[in-house]
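The structures come next, written out as structure tokens.
Both complexes shown next keep subunit A, but they swap its partner, so subunit B is in the first and subunit C is in the second.
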Partner chain A sequence: MKKIFLVVAFALVAFGASAWNVTQDEGVVVLATKNLTPEAKSMVEKYLGTSYADDVQYLTNLEKKKAAKHSKEIHYLHLDSSLQPMKVEGDDALASLEKMMEVVRTRNSHSKAEVVTALRTIINLMCDIHNFSYVRIEGVPHSQQEFTFQSYGGDVGKRKTTNKVWWSRFWNAYGGWHVGFSGNLWAEDLELCHGKQREEFAAGSLQEWVSQTAVQASKLYERIKPEYAMTRRERNELEYLNYEMIARAGYRLGKLFNELAK
Partner chain B sequence: MKSKISILVIAFIAFLGVQSAKAWGGFGHGAIAYVAEQHLTPQAKSEVRRYLNHTLPFYASWMDHWRAVPPFHPTNSWHGFSAAADGTVDWSKGDGKAMGQVKMILETMGNGKYKNLPDSLVRHNILILVHALPDMHCPVHVGYSKKDYPEYRYSLRRNGKTYKTHGFWDGSPGFQRRGWTYEKYSSIVDNITPKQAKKIVKKGNLEYWGKDIIKQGHRAYAITPANTDIAKLTADEKANVLALADEMSMKAAYRLAYVLNEIFK
Partner chain C sequence: MKLRLVLVALCLAFVSAEAMAWSGLTHNAIGHIADQHLTPEAKAKRNHYLNHTLAYYASWQDEVAWSKEYAETRFWHAVRFDAKNRFQYREGRNAITHISRIWNEMRNGGYKKLDDSTIVVNLKLLTHMVGDMHCPSHNMYDADPSPKVKRFSILYKGKKVYWHKFWDSSASSYFHRKWTCRDYQKNLDVLTPKQIAKICKGTPEQWAKQNGKDMREPYTLLIPHTELSEMPAENIARMTEIVDLQIQRGAYRLAHVINDIFKE
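Up next, the complex of A and B:
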């Protein structure tokens, strides 16, 4: 068991916690917190304290130190060509999540430090499994994928300024429109927009959530292939899709904690 | 031949418009909208959120992202306004510009008239206000005529390389404030007293707002004259940049809140 913790802890140290940017990850956590049962709130506060959102920042800070070895697969979802989870060397996000959930379920037989690591890992990976840049589908060129993005005038066609954009960077850089949003403001905004879909978003199991991300990512990969020329309209619309994924991550993280606290 | 040249000139001016009008920048727009939201009446805040389904900062910079996408292309010129030679608003060019949009929306939605409009139109008008009204407060979004102010056509420098004057002032509220949240900006910059707020708002007098913006806009060109290297500004120069940026941001925020409060009272 200790081995698992070391691997996970090292992975977090190496990669940090940001699926999107730090404040969006914080938004996920704040949104989850707003939807916790008293039992889950008490569990989370027992292990992470009341400044729960700071854990996202804490892990990012660890990453910057580049202090340890790591498992490079932990942030990724590995799927075969039929979008079923694939076993990879070193646990991927899904496998790691399942292990960490088990630790929280059996928390009374673990040290506090182990449960804290597990909860932090869950927060981290629940963000990651909703970020398309962490989806790896067998046979799809993902890691080096880049596409061109037509800047101002793209749809109008008068001035086609094209920029090369890396697939991973595109999804991770989401939030440029909202630079200055704190985690609290993200959560407030997400609740306003998607509050009514809370139950719909949180319905299902971890495996089903992963499957939904996989299907969506697969459609995107199908359309946005290397050298694809993305229009301004498409880019804008994908920003809203990403926004919805942040909301899904938040409501689902809350549900997961509620179930683990039972 | 003459007409061909005219078309080329118009095309070039249009191109410059697309190039230059990039607004307060994401941070400035969001910060202004956040401050404005703090000054909405409960009624206005609730109505605005009901129509937008979001907080006000969420849509603060939307027009910059959609301006090139049909059917939003006409909004391309709603980011500033023109100044007449006597320092007043040039309303003859107002219909398609930010000030003209604000005036039109106030006339059609003020005093509860918004209730007579379809929800989609009310929403659309709030979206225009949240971007265009703050944007016209950016010093470099005042269209001083080339004839009156030919000296304002210049570039700055950044570590010796050419840097757009427009781009620098667009980003000025976030100048040296990397990592700030809107909450932080609001808590530090929003020190406006009720008396100052009253003076800023001046009961929604658009002529007054316009003259004020035109007057303050000149300060930007005085603070950063041609070829100023923005990477080598002195502490005083940096303070002057932020003082003007914050002054105009606060004016924009309080005026935006005033307009929304007037509409939804």
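Up next, the complex of A and C:
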């Protein structure tokens, strides 16, 4: 029985594990939408309509329905020990993004369904490449699989106790502060907090964005290893970092669509 | 030795009952409704000092209450009453004293005399405390001899849940399943300006007195050691009305306090 449970747990972790939650992904899309040129807006609406409910977790939903044709590596960023993108069997997030962007660029020679799939995949993967739990670095064993660490509740009182936390769950459910936020509320708050950094966040190319995530993830993996004991203060600091990554994903997705629409 | 252990256990139970009350979702919903009622001046100041919505910081005090830096604030979430519904000062260990203190210190341009980091912390504290003082479990009557207002447990999905824990986690999802902040706002932010003005009239002490009187009722609606879904429907319906009213009071009063502070 225990074995079955472990196999199921591993399967869940290995394929389609948790990324950001639905409302975080929606926040990314709403933020991107607010920053589209009229040309890009019309392109996105032509293929996806005006509601993104079916798009934000398109890949995950396919996986849940067991209807996925993509590789299980599609969510992950695979990097070598010098943090350069690595080729893996089946396309990883970066390789898939580049292919899907090409489909959108050459959309007139593709069917509508193909372009829709490409746009949806881009939305999903732009979220994934900003999520540290999807970064796998060669030579860093704990980045290759799901692991747990200890999170302290606080320095005083009953919260001195520690809780076991899964690495991917940590980044996903870090809705602690934002529980009940809809995509619109995420976007409103992200604009307030990071609106002034819009240009700065959106600057650069896809490869540079991946590189930034890689550097940051590498630092995190160096510090947070299995059974690492994280303080409450540190947890709150990482909350801000995650928040910034969601804003980066939103502004960059907007920029990507603007460029693809040209 | 045994006595010492018992005392430590009692202290811990007491401390854990102080912080947290509304779930994070309810706090955020209160913040979100309040955000919609800020004057343009207050909104500009909120953006300037917090760089976030009130909804974002609504649960902040629960997050930091367990750090050494903010340990003192663990006692600023709740209000205790005596048998005559007078709130207990308890050497400043209550929400009302600090809501009043910060409000008085910052209003009439007082905030201009404070440094930015103090203003930021004060706004975050107000955002949490004004909501929290309206939570049924944060209106405590342990000085009251009535057995009806003592701490008790109910059953929720077969598990024993204490009064305080019930409001911390289960309540908001039970009374309004799957509601987001936006749903709370859409459904509860429906009062007329006249009704809102009536709610906001008075001082935090007067609001507390009103809560002290009104928040006895929930203790009588939940039946100890009984599964929540098996309680009389009219009790649950009344409880829902009370929860909604308390959320409205918390939200409108929060906006009122922030608007008053930044009134030009």
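Things to note:
Basically, the second predicted complex is superposed on the first by the 213 of 262 C-alpha atoms of A that agree within 3 Å, B and C clash if a C-alpha of one lies under 4 Å from a C-alpha of the other, contacts with A are read in each partner's own complex, and residues count from 1 in each chain.
As a convention for this text, a residue touches a chain if its C-beta (ideal position, glycine included) is under 8 Å from a C-beta of that chain, and two chains touch if they have at least 3 such contacts.
It should be emphasised that the depicted structure is a prediction, and the values quoted were computed from it without experimental measurement.
The interface of subunit A with subunit B overlaps its interface with subunit C at residues 23, 153-156, 158-159, 176-182, 184-185, 188-189, 192-193, 232-233, 236.
Of all residues in subunit C, only 12, 15-16, 23-25, 28-29, 32, 47, 50-53, 55-56, 59-60, 63-68, 71, 74, 179-182, 184 touch subunit A in the complex they form. Those residues of subunit A whose C-beta lies close enough to touch subunit B in the complex are 23, 152-156, 158-159, 176-182, 184-185, 188-189, 192-193, 231-233, 236, 239. Across the complex, subunit A is touched by residues 15, 18, 26-27, 30-31, 34, 49, 53-55, 57-58, 61-62, 65-70, 73, 174, 180-183, 185 of subunit B. Looking at the complex, you find that subunit A touches subunit C at residues 23, 153-159, 176-182, 184-185, 188-189, 192-193, 232-233, 236.
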